[in-house]
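Structures are listed in the sections that come next.
The two complexes that follow have chain A in common; it is paired with chain B in the first and with chain C in the second.
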Partner chain A sequence: MSMTATQASKTTSKSSRVLRSIGFVAMPLLVIGWSLIDLSLGRELVEWIPYLASGFSMNILITICAVTLGTTAGVLLGLMQLAPYWFVRLPAQVYVQIFRNAPALVLIFATTYIFPFEVVLFGNYLPFPDWVKAVIGLAILSSAYIAEITRGAVLSIPTTQWEATKGLGFSRLQALRYVILPQCVRRSLPPWMNVASSMAMGTSLASLVGVHELMHAATDASTAVRRLDFTIIAYVVVMAAFFTLCYPIARLTRRLERRFNTG
Partner chain B sequence: MTASPETETNTAIVKLEDVHLSFGQTQVLKGIDLTIYKGDAFSIIGPSGSGKSTILRCINALVTPQSGKITVAGTRVDQLTKESERIQLRKRVGIVFQQYNLFPHLTVLDNIVLAPTKILGADKTATVKLARELLEKVRLSEKADAYPGQLSGGQQQRVAIARALAMKPELVLFDEVTSALDPETVGEVLWVIRDLIRDGMTSILVTHEMRFAEEISDTVVFTENGRIVDHGSPQQIFHTADNPRIRQFVGGLSGGGRGAVRDGEGI
Partner chain C sequence: MQDMNLTSLFIELMARLGLNYEFLATGYEAQIWRDGFLTTLYLVAVTIPVSLIVGLIFAACLTSNRPWLSAPVRGFVELTRNTPTLVQLMFSFLVLNTVVSNMVGGAQNNPLSPFFWVVAVVGLHVAALHAEAIRGGIEAVPSSMIEAARGMGFSPFEIMRYVQIPLAFRSSLPAIVNGLISLVKSTTVGNAIAVSEITYASIMVWTQRDNVVELMIVLLAFFSLINFVVARVGSWVERRLAIPGYGL
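Entry: the complex of A and B
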């Protein structure tokens, strides 16, 4: 987790300005300045940028898929944990407890080696690419986190809200749908943002199972060029790229929070 | 307002017979008998912990007694076994709580419109029109687009009353609706309830507002320790009660500051 929920919401506009200037100004300036001072370095970098970019697009793809999948499954699992029937509650609780405590890398390795490299569907051999396995690994982890976030948010709604819906003739599901969950969205946004940016950063782990993403591309590039200054600058580019991926998630969440706070 | 003869001859809308209820080892109701007629204003008074609120919760099936008969608008509430049957009952019986319990994420108007449209399946335009009429009735027309957090306690409680009325209930239960309010806003809520009773809405009030109960009720019951100690007209309970416990309770409360503030407002 990059920062806790309370820290995230307390972050002032001043500190976010500092952050922005490091991420969007200082790091690119370092890369550009260094490239201009040593033009041979600059030339290498320009040559490798498309390759790095193709890797980065994979990080974006994995992040979007893992967070979408993880959020959907997580909300369902969170609600299952609160179900009145034990046969619904228990499997969800077991799932969450097991996967919430598993390191991301372990899950990515597990999904990579457990799932086959291709699947047979109606007699056709369909490839099962490694990046999809990384998505599943990260989605399992984020769904366990988000299940806990959802469960906590629902429990944090005062029981008097449930009482009010009961008094008006709502069923349990109707109360959840119209009254409880809408109030949970606002409460879960800051922790959800933490999970989303953790997953964005966790995509770099996919390089270890051979997925062609940014870390993998940077390692390829530095091995091919064999220059220490290029290696340093390549990883600065990686850092700047991850910043541009995670920072908008934080900004978007802050904006949504403000919008909901008018309520 | 006193009980008129024709309401007495009317049919009973709520009837409790020998209702016993306990939470675990604690006996809360120890044989409650009540009859409430259509169009009546019925007040339940008594010390805290005497089971007043529990009686209301029995009537709209939020709690189920261990024994006894409860009949509400032709439904045997004590025999309802399925949650769906209890929900059907609650759609016909409005309840207003001490803590208002408005939905904080919705505007005042949406708070009122939500249940009729989503639960009863009522037409949206007609319900919005009804909601605006009800807001006018509780004198909050200008607050339709405000959020509950922007309203005072008294205003929130009036919205809660409008929300309950939007379901077009056959009777309304008021559970200590002014207990969480500051003395200055109590009056505006009582004003709304008084209006409602004048319009003929069957109302059951659990209240600590003795003067109000005396003024608007057709029947008053005094409960203590899960039993009904006495029941009768306001005159009987507040002025000519034989029971020294009731005289002590009523005497001790009616001299309080709250009544003075309300009277000062001339309501």
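Entry: the complex of A and C
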């Protein structure tokens, strides 16, 4: 039995290795092959590729901004949740509980419709673009997730570490800064990457509030061309783009998880 | 009449706090909004069983020794997990739905509604998450248990049915509950294809009334409540199913 089990895991690992390479190659190959077979379709696609690419750069921009903002706020909130004073702890806990359960789409709608379309700064009217609002919406969500990750990671550090810092005369903040948090980074890296990849996928929701990103670009393109085969290929391109963005993150996460579990 | 008074009392109280819930007194908008809540609950209630059943089937395929069974499912799981639900939904609705329409001869004959596509896409997306969780659980079943079952003359299907799945289900339950919570949140993508769930209904109301903050408070409370109930039911099931001494 154990032999067949190892054999099975060997075959599945081999097939997954094959699939891994197929995953990256299959969709682009489908797109290229199809455009070569039907040249008129290929010409349309080549014409629209720069437009789609400009949309995708917006996705990447939103992802990077939202994850950066969310991580900064999330780590602070996570530490606030562990603070010894209730007036620091309670607001952070309420914030995390409310926003962790909220759908990304609802938060994006909230920020888009609640914030004004321009802000007055020292008498100057500055536009407040929709993509920044989407960034804030996603950052709120990711900060709630990352707060929980941070809290879990800090709690998973053995209490002896805290006691040792106390023995060495560290203050609480110094202990966090120099002893506890460096150890947390390693533990919270895989779940943090999961959040990052789900934020990258969440950026497509911004198309629903009119941000010009990949989904929006694909919808524009398919309504302009009005061909069913072009619609199919445009959405395959969209899927391939998101897949190439998120799949490496997922693989790396799984590898790190396995290494931390064994190590 | 009593109900009417309660509503107007609520509107009055909220108006003192500076919140505008006046639309509740009107027939039409309040009706849209109430239907939105019901649609979301209905959507969740239909999608959860779909995701669980399909997830179980996927997990069985993933752990099977036959590559022609496990490889396509593995590919599908990786694809759905690494592309946004919204893109999958738009692809299904704009492409697959059109293909179905062409096959049955015109959109008026197409039996598949937007509601169906939301259930199918969100259900399959979350099924992929469940499948991974259950697969992890199946692989965590000690091989001595399987050997014991084999020694007692269980067929491979019976081992699956009576040994692996019950144990795997228990150990993967926390991950499944997480998946269900993300399912509840994912049902909101339905508003992209005009399924009148609660966010869609809320947009209908706030474009008329400009009371986004008020509706947002209710939306956040509503989703917190559903997710709280899902998490509670999950931990209740976990406690009910716990096997003393098995350590799960």
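What we mean here is this: the second predicted complex is superposed on the first by the 224 of 263 C-alpha atoms of A that agree within 3 Å, B and C clash if a C-alpha of one lies under 4 Å from a C-alpha of the other, contacts with A are read in each partner's own complex, and residues count from 1 in each chain.
Everything below uses one rule, namely that a residue touches a chain if its C-beta (ideal position, glycine included) is under 8 Å from a C-beta of that chain, and two chains touch if they have at least 3 such contacts.
Fair warning: this is a prediction, and the values are worked out from it, not measured in the lab.
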Which superposed partner A:167 touches (first chain B, second chain C, both, neither): first
Which superposed partner A:221 touches (first chain B, second chain C, both, neither): neither
First, second, both or neither for A:109, with chain B first and chain C second: second
Partner chain in contact with A:202 - chain B first, chain C second, else both or neither: second
Which of chain B and chain C A:231 touches, first, second, both or neither: second
Touching partner for A:179 - first (chain B), second (chain C), both, neither: first
Touched partner set for A:239, first chain B, second chain C, both or neither: second
Broader residue contact with chain A after superposition on the shared chain, chain B or chain C: C
Chain B versus chain C as contact partner of A:211, first or second or both or neither: neither
In the complex, chain A residues that touch chain B: 160-161, 163-164, 166-172, 174, 178-179, 182-183, 186, 260, 262-263
Touch list for chain B against partner chain A, complex: 60, 62, 83-84, 87-88, 90-91, 94-95, 97, 99, 101-106, 114-115, 118-120, 147, 149, 163-164, 167
Interfacial residue positions of chain A with respect to chain C in the complex: 1-2, 4-5, 8, 11-12, 15-16, 18-19, 22-23, 97-99, 101-106, 109-110, 113-114, 197, 201-205, 207-208, 215, 218-219, 222, 228, 231-232, 235, 238-239, 242-243, 246-247, 250
Residues on chain C engaged by chain A in the complex (per definition of touch): 65, 67, 70-71, 74-75, 78-79, 81-88, 90-91, 94-95, 98-99, 143, 146-147, 150, 181, 184-189, 191-192, 199, 203, 206, 212-213, 216, 219-220, 223-224, 227-228
